[in-house]
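Once you scroll down, you'll see the structures, which are given as structure tokens.
You will see chain A twice below: alongside chain B first, and alongside chain C after that.
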Partner chain A sequence: MQPPLLSIKAVQMTFGGLMALNNFSLEVAAGELHGLIGPNGAGKTTVFNILTGFYRPTEGELSFAGTALNGLSPPAISRLGIARTFQNIRLFEELSVLENVLVPFQGRSRLSFWQAILRTPGFWREERWVRDRAWELLTRLDLAHHAMEPAGSLPYGQQRRLEIARALAAAPRLLLLDEPAAGLNPQETAALMALLQDLRRHYGLTILLIEHNMKFVMHICERLTVLDHGLIIAQGAPAEVRRDPRVIRAYLGADAGA
Partner chain B sequence: MTWAGFAQQLINGISLGSLYALVAIGYTMVYGILRLINFAHGDFLMVAAYLGIFGLAMFSLPWPVALVAALVITGLMGALLERGAYRPLRRAPRLSLLIAAIGASFLLENLALVFLGGRPLPFPTPAVFAGSFQVFGLYIPRLSLLIPGVTLILLAGLFYLVGRTRVGMALRALAHDGEATQLLGINVNRLISLTFVLGSTLAGVGGLLWAMKYPQVNPFLGVLPGLKAFIAAVLGGIGNLAGAVVGGLVLGVLEVLLVAWFPAWSGYRDAFAFILLIIVLLIRPTGLVGETVMEDKL
Partner chain C sequence: MDKSSWWHRLCTFLSLGLLFLLLLAAHYWAGDYYLRLLNTTAVFITMAVSYNLINGICGQLHLGPNAFVTLGAYTAALLTLTPAEKQASFLIAPLVWPLSDLALPFPLALLAGGLVAVLFAYLTGFPVLRVRGDYLAIVTLGFGEVIRVLANNLQTVTNGPMGLKGLTPYTNLWWSWGVAVLTVATVMGLKKSGFGRAMQAIRADETAARAMGIEPFRHLLLAFLVSAFFLGVAGGLLAHLITTISPTLFTFFLTFNLLIIIVLGGLGSTTGAILATIIITWGNEWLRVVEEPLDFGTFRLPGIPGLRTVIFSLLLLVLIIFYRRGLLGRWEFSWDWLFRKIQGRPDGG
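After this line comes the complex of A and B, so read on.
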């Protein structure tokens, strides 16, 4: 059997006295679409923040494609092939849609300082390649006709798509999506499911996503991990997880408290 | 005042304003990215001016070599300042960073005072930059055209860099959301170094031109122009590149015209700039060009 693309082992994360994640372990196989669910405050986004190097876990080991992630900086992790979107959209609002997608290519640039200053043929080759890739992404995500507009002026649903396009521009093998369907209407949600399947096939992506929309999660994810108060309470195929009494209790409990 | 006199003063004002604009750019770029008022920025005028004297007078280098060398060293020193004094404080409270900047300013001034002495040194302006000519009865020093000309070329280059190139996009992304920029694989430290190189090189150009305009160089040469440029940056809307240019020109022209129209008040020309700063902060803290208040990040 192939080793998993992403492996998280016994991670613990505490903020002051607060335990945000306790003995969290997760393996995601290459090509898998894995869902991370759980009530608000369960620690789902903390997992993303640890994976991207934004938080240093108190304990535990992280490895991605055979490389240990512990102690790496966010840009270094990004260059290894992990990209994310944000729960509250964080686009570069004053930059145009096209520019938003161009920014991550800067982190991947292989040009030397002098090549860039002297505008060598290599510079123009890379420039053309980058622009072609950026337009390709915009076309695939159906944003090409808004390319020159400021990102902040796009309607909400398109901003969500642009965040995905921007993350893809960093050439990830693992894409972390933080509530990609939040705030989308049913048609948009259906379109997002189709889009994610298409992107997965086309870019050979592995996806780990956080989502509250159960219909979406049950429909699209191959495996689920359910978190509650920093603890994994269930892990497995959607059909099994949905019947798990602990999951039902966690969700009903959350509802009753709301 | 006659029209000719007005035109004369306007040219002087634009020339002075261009210098403010060159220096204001550095304040506004650093603020845009680190939310730091780099109070040591003005001292880079002094650094470049002394380096110019070394190159021209001590080593008798040809003027293009001497001036370019002075600018390169000034730019690197700007990056070094960030590396040594500001980067270690990246996660510290904003106030620590500000205090470090004020400390760096005092350090630069006093190092110059200790090693170069308090007595002003004459700046050996190369002959090409000296002299003046007459057009339509106007007496125009060559520098008064050179300064806006150089400023215009440098600003065009800077606006191209920031507005059209990928490095510029990354800079704007960084100014908007540093965390998101890092998570996209961008080496933020390198961009911050670049910002300081650009800012202090432009300040260096300002310093060399300033020293040609007022050819007496002392360790505190950068203080007043630095403060005026800071006022210009606030006037235009700090964090905004175009605003820094507009603010610099407005401040330069107003200052010169004030002195021309009310010669008796000429002693108050610096006070005028500070009063303007207070008025801007009271009435329109976002500046002439600024739209969004970024108080949350202060």
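After this line comes the complex of A and C, so read on.
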């Protein structure tokens, strides 16, 4: 069997006396669409923050495509091919929609300061290439006609899409989506499902997503991991997870499972 | 796109040609007073635009540009003075050896001034860029003061409070405006590249920028060095414009004036920094009228010294109330914009 693209082994994360994650292990195979669910405060976003280098886990090992992630900075992890979106949208609001998508390319650029200042042919070649890729992404995510508007002026649903476009501009192999459907209406949610399937096929993405919308999760994810109070309480296919009494208890309260 | 960028280049060359002709006209016909004013304007454009790179484009509140200007001014001045002139100036204690015998042509002295400022920026960049916000402001303010105190007390290098006198007035329209154009071109070019986009992303949301693969330290240090270079060169130009420098010239008030200029123009807007520099330097001259006795025929107003400062303060208050983001906000002039205005097309697209 192929080794998993992402492997998290026995990660523990404590904040002072609070145990945010306890013995958390997860393997995501290349090409998989994996859902991370659980009640509020279960530690889902903590997993993302550890994976992208914003938190250093107290214990445990992380590896991505054979490279250890422990101790790497967020920009270094981004360059390895992990990109994320944020639960509370964090766009570069004053920059235009196009510029938002252009920024991640600088993270991988090898252009020197002098090439940029002297406007060498190499600079123009890269600038053209980068702009073409950015337009391609904006077109695919249906944002091209807003390209010159400030990102902060977009309606909410489009801001969520722009976050995905910006993450894709970092050329990830693994995309982490933090509540991509939050605040979207049913039509927008359905469109998002179709979009994610399309992006996944087209860019050969592996996706790990956090979501509270159960219909969305059950419909789109191939495997689920359920977290509660920093502990994994269930892992498996959506149909199995849905019937798991511990999951039902975590979501609906202690009496519901009886 | 290629065709329009060709047009833009042509327009840029034409406007540079126009600037050249205007300077040529000033060179032949303008009196000393206006020459001085034009030179001062150019030096302040250089300082404001390069200072704006850190404060406006990168969004880091840096309060020590006076340090870089001081370093550039003293370095350039010490290098253009002849050994004999230096011996005559340093009365209390002689100048230390390599500097006492060294004399360089003006362009090399300017370059050296810029490079010394860059070296200082590089060394202080490591501690300074570890912090953000108020802390960065305080640390840079501290470094600015350190340099001023050093200038005041390093008798054998700077001649202490007496400063350096009798510099040759090498700074002319060609040097001052040449450097100003180079600064504007560099800062604008940097802003419209991947580096500049990364700097603006750091300003907007550093966490998100890091998640997108941007290394904040690398980009902020770059901005810091570029800014320091031009501030240093501007210091050298300033020294050879007023021909006498002393530590009192480079106090926090210099920083404060630059800060007013870039806030007035709109933080992050190079166009705004240029416009605000012109308004402040020329306004300051035109307002001299109010400090002189005024004769209205039927009654006379005696001149009130210091009234200019009062008027400026009031104007700034009005500005802060009605234009919170400065005159131009983050707007930047572009040929595209001008063509659209001429053809009456709406903005955007």
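Here is the rule we use: the second predicted complex is superposed on the first by the 253 of 258 C-alpha atoms of A that agree within 3 Å, B and C clash if a C-alpha of one lies under 4 Å from a C-alpha of the other, contacts with A are read in each partner's own complex, and residues count from 1 in each chain.
Basically, a contact is a pair of C-beta atoms (placed from the backbone, for glycine too) under 8 Å apart; a residue touches a chain by one contact, two chains touch by 3 or more.
Keep in mind it's a predicted model, so treat the numbers as computed, not measured.
Per the definitions stated earlier, placing chain B and chain C onto a shared chain A by superposition produces a clash between them. Of the two partner chains placed by the overlay, only chain C lies in contact with A:Ile117; chain B stays clear of it. In the superposition on chain A, A:Tyr55 makes contact with neither chain B nor chain C.
Within the superposed three-chain model, A:Arg84 lies in touch with chain B and with chain C [touch as defined at top]. Residue contacts after overlaying the shared chain place A:Trp135 against neither chain B nor chain C. Of the two partner chains placed around the shared chain by superposition, neither chain B nor chain C is touched by A:Tyr251. Counting the residues of chain A that each partner touches, chain B and chain C differ, and the larger count belongs to C. Once the two complexes are overlaid on the shared chain, A:Gln106 sits against chain B and chain C alike. Overlap of the chain B and chain C interfaces on chain A comprises residues 52, 54, 73-75, 78-79, 83-84, 86, 90, 92-95, 99, 102-109, 116, 127, 130, 166-167, 169-170. The part of chain B that touches chain A in the complex is made up of residues 166-167, 169-170, 172-173, 176-177, 179-188. By the touch rule above, chain A contacts chain C in their complex via residues 52, 54, 73-75, 78-79, 83-84, 86, 90-95, 99, 102-109, 111, 113, 116-117, 119, 123, 126-127, 130, 148-149, 166-167, 169-170.
Chain A meets chain B in the complex at residues 52, 54, 73-75, 78-79, 83-84, 86, 90, 92-95, 99-100, 102-109, 116, 127, 130, 166-167, 169-170. Against chain A, in their complex, chain C makes its touches with residues 186, 189-190, 193-195, 197-198, 200-201, 204-205, 207-215, 222, 330, 348-349.
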